[in-house]
Amino acid sequence: MDYKEVIDNIYNEVKPLFGQGKVADYIPALANINPRQYGIAIATLDGQIVGTGDYQTKFSIQSISKVFTLSMVVRHMGGDLWKYVGREPSGTPFNSLVQLEHEQGIPRNPFINAGALVVTDKVMNLYHRPKEAILQFVRSVAGNDDIYYDKTVAQSEFEHASRNQALGHFMKSFGNIDNDVDSLIDVYCNQCSIAMTCEDLAKSFLFLANHGTNPHNNENILTVSRSKRLSALMLTCGFYDESGEFAFRVGMPGKSGVGGGVVAIIPSKLSIAVWSPELNEHGNSYMGIETLERFTTNIGISIF
Amino acid sequence: MDYKEVIDNIYNEVKPLFGQGKVADYIPALANINPRQYGIAIATLDGQIVGTGDYQTKFSIQSISKVFTLSMVVRHMGGDLWKYVGREPSGTPFNSLVQLEHEQGIPRNPFINAGALVVTDKVMNLYHRPKEAILQFVRSVAGNDDIYYDKTVAQSEFEHASRNQALGHFMKSFGNIDNDVDSLIDVYCNQCSIAMTCEDLAKSFLFLANHGTNPHNNENILTVSRSKRLSALMLTCGFYDESGEFAFRVGMPGKSGVGGGVVAIIPSKLSIAVWSPELNEHGNSYMGIETLERFTTNIGISIF
Amino acid sequence: MDYKEVIDNIYNEVKPLFGQGKVADYIPALANINPRQYGIAIATLDGQIVGTGDYQTKFSIQSISKVFTLSMVVRHMGGDLWKYVGREPSGTPFNSLVQLEHEQGIPRNPFINAGALVVTDKVMNLYHRPKEAILQFVRSVAGNDDIYYDKTVAQSEFEHASRNQALGHFMKSFGNIDNDVDSLIDVYCNQCSIAMTCEDLAKSFLFLANHGTNPHNNENILTVSRSKRLSALMLTCGFYDESGEFAFRVGMPGKSGVGGGVVAIIPSKLSIAVWSPELNEHGNSYMGIETLERFTTNIGISIF
Amino acid sequence: MDYKEVIDNIYNEVKPLFGQGKVADYIPALANINPRQYGIAIATLDGQIVGTGDYQTKFSIQSISKVFTLSMVVRHMGGDLWKYVGREPSGTPFNSLVQLEHEQGIPRNPFINAGALVVTDKVMNLYHRPKEAILQFVRSVAGNDDIYYDKTVAQSEFEHASRNQALGHFMKSFGNIDNDVDSLIDVYCNQCSIAMTCEDLAKSFLFLANHGTNPHNNENILTVSRSKRLSALMLTCGFYDESGEFAFRVGMPGKSGVGGGVVAIIPSKLSIAVWSPELNEHGNSYMGIETLERFTTNIGISIF
């Protein structure tokens, strides 16, 4: 299949939709971005890399980073992690405290903010220098050492982190956070600030399409079973409270971020990353979702 | 692959687990069943049918019937249905009213009881004789006319339907139920009482594994797109508040019922039905879940 | 104190506020009422009865009837009632099911609809002919045999009782309703339909101002202790989710109904009833609340 | 009335109940207290002060301090405060975040922790040195300069303040906290650590029984109207989710703290303070509630 042609066609169909969504505005560093940017990149297991539009422009990956930290922790802790965070869709917005209160400080899944904070807390337990470790992991799976924290974004996130501070202290009150909450929020704001391109992201998710092994260097990152389970988690929980809708319309395991990035995989085949900063009402990239729905329809491949 | 050998092996491994779960006890007609029954059946797209254990014993399909009524309604209404019922995992128990109150009488998805009642209400709008129509649909997809309502179970359900009566009246207060609530509960209790064997069930789900077309007679029941979407719904919502866990551990779209039945599909390949009446704490067949987890692991095929 | 002068003055001050609220519109029989009606009546323990405006016009007492049925039940059951219904403010709207689900079918207090249904269910246990018994009780405390059910209102309520049907079936599913739900709703819709005047209502609440004894005929209806406790309940729970606000601004135990009636007492002194059909956003009479706030301020008597 | 005799009798009746409750154990400084302590003090508007048992032993007033800070803020801000905190009973535990999430960061009332934090935040806005200002206010209303912060308790509270930190950050995320959250928690932990005796507390609440004017020195602290409203708030919200029950059984406006203190008033008459560290399941002093119920019954005076 000529994936370049496929994404070029979709790019031209979707581009006129600029203006349907709204750029994230909770921090100035994200609010000031030019909304009319749009890129698509695909990486296949047989080594192709194709892209179109702004696919080589760096953007803030935000919540997509949760997949990287989760991979790091599952690699070391395996099933022990699931004592501290669940695996069920949350049914409530990504930054909700209600569910936590009813369930004794155990977040529903690792992709809502509370769950991601638990995962980052474990990264801090596992690594003496957690920020360096996270960056190293991301560079390694992306096969690109030119990936950095965007310190302006990280600082801006930290200054507007009241809700995440609340989540952290709240879970600590239940005994489900080990580290100092301020330090935890610092690491978390940094991981969210990582800047990558669509090409980087597509490459960095290939190990999940490849059942846990990095196809670039054959490094085994996760066992087959853990990799499949992580994919199942992305399918059921990767798109906040639009996860069911995404599975229904698109049917690919994936993860989105409020920076406008979306990345998804077709197991045993490829990974695809889309970026466009305008978000729909669920906080997912408006054009990213449109792009993936057309992609899965056009190529006629889905997991279902 | 020799599916008969696969399921025989699993049957022998899982059989010693009798006693780990607990038979549904909310109605006498289910509570009095012999718990030590266990059967497995597989139907493949290339025409094989294999079974082991009590795979030819009829049991009450209960919530599995929700897939049949949903198929009937989606076939006629398509996307219009989704104005009345959502497609997101509920995050709350199957018979909860809390979510309904917060979301104006629109149930989260068609597999929680509230959502299934909305679907049955639509069946009643579409068919003059809804009970006859449901039975005819089930017989048709199963390729077996020897399928009936178990009137003892239906009557027993009706007499213990206070919670479902509450759901019906509650949604009616929001204008989301068209028919008389007593009549609705009557049809619903009947559809839940349908008695089928594992073999029947495996055959009746093959059209979903086959992207909407019944492989027995080439009848097109759902479009490819609708069939895939229904599978996505089963994956994200088919096992009550254990759906995420099921996707995580098993990774097959499927549906369970409190009668102890579980049925799941591998798209483009096969459907598998398991029955054992003892339920785990989420209301899913304890041995059914165990069986499917081993099955997906042993055959090395999964959607992820 | 010249109560006639006091209420005449308030009447003239408040009358220009017509149009600030909105008549209850959930049933036609209430929606069609002329909104520009307004009456005040006071009955004192020393035998005075004064009134102004439409104080001799009958209106639908609706939820005010909950005080009568509660008195009937507490008289017979005493503290045993509190196993089936709580005594805490609900913190949620009057017809909410959320709290019931979290607290196993035990309503928070007898003045939210769920709690009132439990109380009426007990009336049905205590009396062979509950509708006759309720009417007889109300006539007796009001000292007026010319009080009836408004059958048009009762019928209209019954036809729009989906939410109360839901509450009844829901509590029955927890085992907290003894009688048939349809019969319960019938009795409940009738008690809400009772038509009384402000004068009737003021007189009928005097036994509560008089610590349980009807001052007209010295009949002991409740013990001193039970009467005081019922007053405490009215203060903390009598005005739906505006109860705290009412205690804060007015500081009198009382009860309101969506027919626009409000009745309150000053213990050891008097009872006052106000009627005006326009409701504020909490479902309480807009002008009724205004009237009582001015009354308590003007006469300089409050329980605090 | 011989109040000394009244409380001596109650003291002797209630003392055998030691062991029914459980000392607060969330911080070591409170957990290590000797549970078998019990004191009662009464201060009347006509100048009597009587006490029995450990009524001159200092203890940690904890949440009782919320009445002092609320008085300070209402004195300056009047009704403007109610834009930031409500006046309705909460229906949920004192440290819940659920209600806050549903109501946009506005706490239900000033006596749940979230509401008290909003009030303390306003104290910080009003006073350059808030800790000094609070202490000065308390010493003034108690007529005793020998009242201090217990720095050991304050420090211990601060080290176990995760839940309150969460509440503070959460409300800040809604824009309902002005000051730095760490500083806010510091002031709040200090106000909770104030050590007073039953005698001090009874004297310090007399201005509320006296409709806002300190009877010791005729200083007007609150207007009559504000004082009555504060009493109404104590009645409806002063005892966490046991407030309705307390109004029902005891019928006095009051406030409790997890240090085991309870203080209540009979308007125009007296204030009474009880202390005993063992708490019931709602976090109120077991023997304190028992004492006040007997007191109001024995003296035959109540607001109802």
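For the reader, a short list of remarks on this structure follows.
Chains here go by letter, A, B, C and D, matching the order in which they are written, and residues are numbered from 1 within each.
By our rule, a residue touches a chain if its C-beta (ideal position, glycine included) is under 8 Å from a C-beta of that chain, and two chains touch if they have at least 3 such contacts.
If you're wondering where the values come from, they're calculated on a predicted model, not measured in any experiment.
Farthest chain from chain B (centres taken as the mean of C-alpha atoms): D. Centroid to centroid, with C-alpha atoms defining each point, chain A and chain D lie 47 Å apart. In terms of their C-alpha centroids, the spacing between chain A and chain C amounts to 55 Å. Computed from the mean C-alpha positions, the centre of chain A lies at a distance of 32 Å from the centre of chain B. Among the residues of chain C, none is found touching two or more other chains. Pairwise chain contacts in this structure: A-B, A-D, B-C, C-D. Those residues of chain B lying in contact with chain C across their complex are 96-98, 100-102, 162-163, 165-170, 172-173, 181. On the chain D side of its complex with chain C, the touching residues are 86-92, 99, 108-109, 225, 227-229, 231-233, 235-237, 241-245, 247-249, 251, 253, 267, 297, 302-304.
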